[in-house]
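Sending over a structure as structure tokens; questions will come in a sec.
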Amino acid sequence: MLNQFLNSIADAGRDLWQRRSGNGRRSPDALRGLCDDLLSTRGEASGIAVARDVARTYDTLDETDRLALFRILNDEFAADADAINAAADAYRDGGDLDTFLALARSVEPPRQEFFRRLNMAPGGTRTIVSMRAHLLGLLRDHPELKAVDADLRHLLGSWFNRGFLTLERIDWHTPADILERLIQYEAVHRMDGWDDLRRRLDRDRRCFAFFHPALPGEPLIFVEVALVNGLATSVQPLLDRSGEPDDPVGADTAIFYSISNCQEGLAGISFGNFLIKQVVHELARELPGLKVFSTLSPIPGLRRWLAEQADLTEPEREAAGRLDNPDWQHNEALAQAVRPVLMRLCARYLVDAKRGDRPADPVARFHLGNGARLEQINWMGDSSANGIAQSAGMLCNYLYDLKTIERNHEAYANSGRVTVSSQVKKLLG
Amino acid sequence: MLNQFLNSIADAGRDLWQRRSGNGRRSPDALRGLCDDLLSTRGEASGIAVARDVARTYDTLDETDRLALFRILNDEFAADADAINAAADAYRDGGDLDTFLALARSVEPPRQEFFRRLNMAPGGTRTIVSMRAHLLGLLRDHPELKAVDADLRHLLGSWFNRGFLTLERIDWHTPADILERLIQYEAVHRMDGWDDLRRRLDRDRRCFAFFHPALPGEPLIFVEVALVNGLATSVQPLLDRSGEPDDPVGADTAIFYSISNCQEGLAGISFGNFLIKQVVHELARELPGLKVFSTLSPIPGLRRWLAEQADLTEPEREAAGRLDNPDWQHNEALAQAVRPVLMRLCARYLVDAKRGDRPADPVARFHLGNGARLEQINWMGDSSANGIAQSAGMLCNYLYDLKTIERNHEAYANSGRVTVSSQVKKLLG
Amino acid sequence: MLNQFLNSIADAGRDLWQRRSGNGRRSPDALRGLCDDLLSTRGEASGIAVARDVARTYDTLDETDRLALFRILNDEFAADADAINAAADAYRDGGDLDTFLALARSVEPPRQEFFRRLNMAPGGTRTIVSMRAHLLGLLRDHPELKAVDADLRHLLGSWFNRGFLTLERIDWHTPADILERLIQYEAVHRMDGWDDLRRRLDRDRRCFAFFHPALPGEPLIFVEVALVNGLATSVQPLLDRSGEPDDPVGADTAIFYSISNCQEGLAGISFGNFLIKQVVHELARELPGLKVFSTLSPIPGLRRWLAEQADLTEPEREAAGRLDNPDWQHNEALAQAVRPVLMRLCARYLVDAKRGDRPADPVARFHLGNGARLEQINWMGDSSANGIAQSAGMLCNYLYDLKTIERNHEAYANSGRVTVSSQVKKLLG
Amino acid sequence: MLNQFLNSIADAGRDLWQRRSGNGRRSPDALRGLCDDLLSTRGEASGIAVARDVARTYDTLDETDRLALFRILNDEFAADADAINAAADAYRDGGDLDTFLALARSVEPPRQEFFRRLNMAPGGTRTIVSMRAHLLGLLRDHPELKAVDADLRHLLGSWFNRGFLTLERIDWHTPADILERLIQYEAVHRMDGWDDLRRRLDRDRRCFAFFHPALPGEPLIFVEVALVNGLATSVQPLLDRSGEPDDPVGADTAIFYSISNCQEGLAGISFGNFLIKQVVHELARELPGLKVFSTLSPIPGLRRWLAEQADLTEPEREAAGRLDNPDWQHNEALAQAVRPVLMRLCARYLVDAKRGDRPADPVARFHLGNGARLEQINWMGDSSANGIAQSAGMLCNYLYDLKTIERNHEAYANSGRVTVSSQVKKLLG
């Protein structure tokens, strides 16, 4: 009986939504119906039934339909300019709480309520996160949709507040569907299947991820850590799956060698800062022998930056040029010849190259912004094809030194100043 | 090491916050420090450590301190009127996305970010919910703080979106701490301890509650249901703990006889609508024999309304007057004499008495607003002292008839029209 | 289809079992059918279906039927004497593994297989445990059934091996149905409902229980512990629910003031020894400040023993006689007069009164057998009516001193020697 | 303090156990000490501490030490022949319960108590299961140890009673460590890593396993099921990981195509019978469309049996001989020529070849013993190298027909008669 009821609501909806235009796609009217329905009093009365059907219908849309839907949301469910201007006038005149609240209401586009109601569907949060992923994919060609993205980002930023996330340890007891996602989402050092993964979850490794209760089984971001002795300078030994795992209790250093975001739809909503700091906390509690917490990080923009530099000295230009030799890194004489020049250039890139007043390199921007210190630059830290291609094989360590992290962050936040070790300072000359 | 770090941050904070004025309370400066700290770059850098300390400090504040804090949030962390007006001007001139977003940002008071950061503390959501409870308690004497309440309500409304709530069945296997809260929060028919509760969780009863992942173990709202045959007209048999439980499989009617909100701090954020409809869903799935879903509801405002009516007929005035006799309900002759008059008055109250264009009775407003139908008025439905006091012992049934619920809701939403059974119509004459 | 299948087996069985003799009870034939069925090849083929029906049928038997069933199991499903004797002859002649195993098989009564198959029913273990509880109730009047009990005890002893039990902490987050069982099973210091229980689960109390995976939600045995400073000498302050809970972190002493078995059907299968030692372990890990682990124990047999002593000295007889005065304990002069005599008698009872070569007092036998030391005798340790009645209000402390527990146990096991403190030695004179 | 206590016990033990003979192995005295210690009163007093140390020490033993330990258990912890004979005499004379129980006790070797106490160690059950696996490996060369195995099998048979097992569905949400064990334990159709596994856990497949609470994460036995339409006659399509999964709701047939035991140490303790029947139950409940439950089974002994037959007819010998041609199965003419002869021989092997009075083929023995019917023989049912090698590529279906399963089982149990379909009867001629 109830199901009949729910189905009858659904059917009514489907009739509308399934009305398609000639070419097999949804007509704009049908898509507009999606929005109207959910915002109507019927959408209110029938609880989650309408939300569920809108979510299911969305899943069947192709890219053209989705673009059409976002356009409708953008054009027809925006805040009303006249109403805003009127409310602004009233506020300027009145200046009291009521006019203020009226103004605040007037700048909230009705599509925010559309998304809030859609979120009530079973799996609604998941649908909204994938809507945003789709929308981001469309933005380059359709920049006018940025207004819709602003609403989605506002809502998702509020809903994915750090206070609602749970930190979970990932290991070999974790369900396979979650582990499979790690293989798929790993963005820094690609995993070639389950054996690679298994090495990264062995007893001298740690992996942690943030989850949100509304996205069960879906990691938001995860970090991979190696427990070693002394600062790791090269990533290949950490990934080598033939290696025997070490005893984690004897380790003095935790190396954060990979951190990957998993949800395109949550781009721009930052979790990494919290993740690293909370994992430091967890590790310090589990393994009191750990004294040093450091990353071993890629330098993704180095080669591109190098190619763009017009003011290199002659030896610098020569060294940079030699990187065009195929397999230069296997030519020991050549590699040793360019090494000092390139390491100096690398230090300069990390410290001095800016985008605005922040480091140009995105990884540097992230860790230095968190208050870490640029500790060391490692020649042949990543000898993989990808490592050679993006940074001439160099990696660097950002050190999370608990005693200085806050001071570093303040210096960075207030004046853009980045903190570097004496070793890096020497490189900079 | 890490703990030292976290503690040193905490200690620094405490030094500030614990600076107290002469009378043993926090100085306004110390309280202002709470807000500044959390919004500073230090608050950003140290992740959850500062948030945790603000939350802990808040827990130690007395009412005077809390009032002082809310005043600071109200006065010093409000949106800036000049900035709003400037942004409104720019928007009026430009009308593009950037000026729109700038205006939207300008109307968001900085204290919203204060609450968002506070939410990152362990248990932060709980702290914020209790802050709002405290604030609501202060509003009557300090109506100027409504602006702070508007922000809290906005945030909590977004965070407690139905999509994030989980429906849980409550029974005798539920942890005792949760059950204890039911005893304490039950607002309609008081429970006198564990034996009363146990009857309400027996096999011919059902109880469901909404929970939020950030408030584990804390019911937000719960509903109590009796599985019976035929529409229940009196609540005392349902509560009687000496009764033998019936076989739920044979029941044809589910009576929702009590629904209670648990969190003062979430006042005005509505869950009841969703709860009832989802529980109907759950029950229909578990027990296909159920054909009727109805409440047995109090009429809390009847006697007060009656006392205020100036235009009663003479027999009505007389009947109303007799309610002043102590224990009138035990005088069978008297009770039978007033019964028809009072039932007619009751129907009139429920259907015609309005606050604005909505029913004056809050329970009627809730169920009729949900699309339920006023089905029946029951003489001596609640013979308890409380029942006599608020509604001369009458209760009524609101019927959730799945076939008409949506139509009823639309009629109500669009024109304020409420739906009543033919039986009630007859009473209205 | 499958259910039809299962039901058809069940129905066939029911036909047989439900044949009843004239007076409304099961006929012996029907009861014998229970046993035959389960041991037949049909019982083998139909997996758990027959076992389930036997279990359900058992639940419907009244005491007369149960007695009849146990008699059938005793008489008709016993080991075969001729077969045993023949197997014993073959073993004496052969002495090899085959004749040994044949002999071992011949002494196993077929009813053991009956119980093993019954255990396959859903909830089968629970049924078997309650069968043994019923059987124990019948043994006094029907001692011939001891042979059946020997089999049940053998099986249950094997199945409830310590290695299969889990230790669970019980607190206010524990499901209400389990807590309710504690109230009901508490055997030492009666709980008067939920408020008493709550005090015993407060933050300066601990409660632990053993569970078996096949009896979910059913505690087997539980112990209640108070975290205090110094050896507790009186139980009333520990039970007083008006008291404010103390900070457990500051406690130096854990007092085990109540330990109760929950399952009659597991009588004689000892868990208490393991429970106390593992709880000591858990508490030492949680609260490193704890230095002393001791019981505060009843002396259940003292008054009875006293009444039976023929060789008391004149002052002893007089003191013992005064206990017959009603409310003697409230007569301060009288109480002080008898105190030294009674405490000496109490020490003598605990240390010298024997049953065989073990202490006559069952609680003393248990703790001293575990290797504990009799530490102290406490005047008016339990001033409740029950305490006065069984031990003139005295309680004693058995100390679990980890350094000596093993030595004490060996002395006790080898020579029956019990360990007492110097204080108790002095009492003994 | 407690840990000191536990360690001091452990250390005392280790001193003894670690005394080694010259060649680096444990001396017999040290191994004997393992047994003595656990059975001593110290073993009793110190609860699980001694058991834990014995378990840990066992884990460090090499095969020579293990053999020495099993010999000590066999020779020195056996039942005492003189005591048995004396008890048998007393029983013959007395015949009462006491002499019976004394006899029963005398035939129980003390090593049973050794194992029961060892079981109290954390992970003790796991240790005992692996002891038995080791022992089974030694039996061929040391058949005198069968007596120890009899005790282990007796205990494990009692502890792994069906009533203590839980049936768990295995799917892609199952923890990776458990899934990895499936890959490793799969005994019928080898899995080549995670992609193979994933196909077998897709939505038109089911996998179930039995677990025991004392071996968490360790499947005891598992079965793999394909949901298809019509009786599957070939296994390769079921394993093909490129295939798209079908909709399970439309399936009418459940094919049990692989069943594997996981624990060598539990050999001879049968779970398969229960597993299949309970999985039939689960599937029938989940998917009411299923009408047929059948295996698709290997015929492991066919080729070996064929090679041993002396009385084949000339055409039969010729056909059998052709199987020696390499890749005969790819020679279509040859394969079609031998097909009718070989299928007849296969039917004869399954139905008439006996070991004792039971089918010679172990898989036939298992399913026909369960009451299944031999339904069909499938030419080229398994074209893998292994399928060709063991059964000339043939597989067969055993049908679990719920209406006849019990009758079939009884016929089999009472007279060894096996049930075959009319199709197979025709093959038999």
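A, B, C and D label the chains in the order they appear, each numbered from 1.
Convention: a contact is a pair of C-beta atoms (placed from the backbone, for glycine too) under 8 Å apart; a residue touches a chain by one contact, two chains touch by 3 or more.
Source: prediction; values computed, not measured.
Among the remaining chains, none touches subunit C as well as subunit D. One of A-D, A-B or C-D repeats the interface of B-C: more than half of the contact pairs, counted by residue number, are shared by A-D.
Look at where the CA atoms of subunit A average out and do the same for subunit B: the two points lie 37 Å apart.
Note on chain placement: the centre of subunit A and the centre of subunit D lie 49 Å apart, centres being C-alpha means.
As a whole-number value, the distance joining the C-alpha centres of subunit A and subunit C reads 59 Å. Residue positions of subunit D touching 2 or more other chains: there are none. For subunit B in complex with subunit A, the touching residues are 1-6, 9, 41-42, 44-48, 79, 81, 84-85, 88, 91-92, 95, 97, 100-101, 103-104, 107-108, 116, 119-121, 124-125, 146-147, 150, 155, 158-159, 161-164, 213-214, 273-274, 277-278, 280-281, 284-285, 291, 370-371, 402-403, 405-406, 409-410, 413-414. Per the touch definition, subunit A reaches subunit D in the complex via residues 172-177, 179-180, 193-194, 217.
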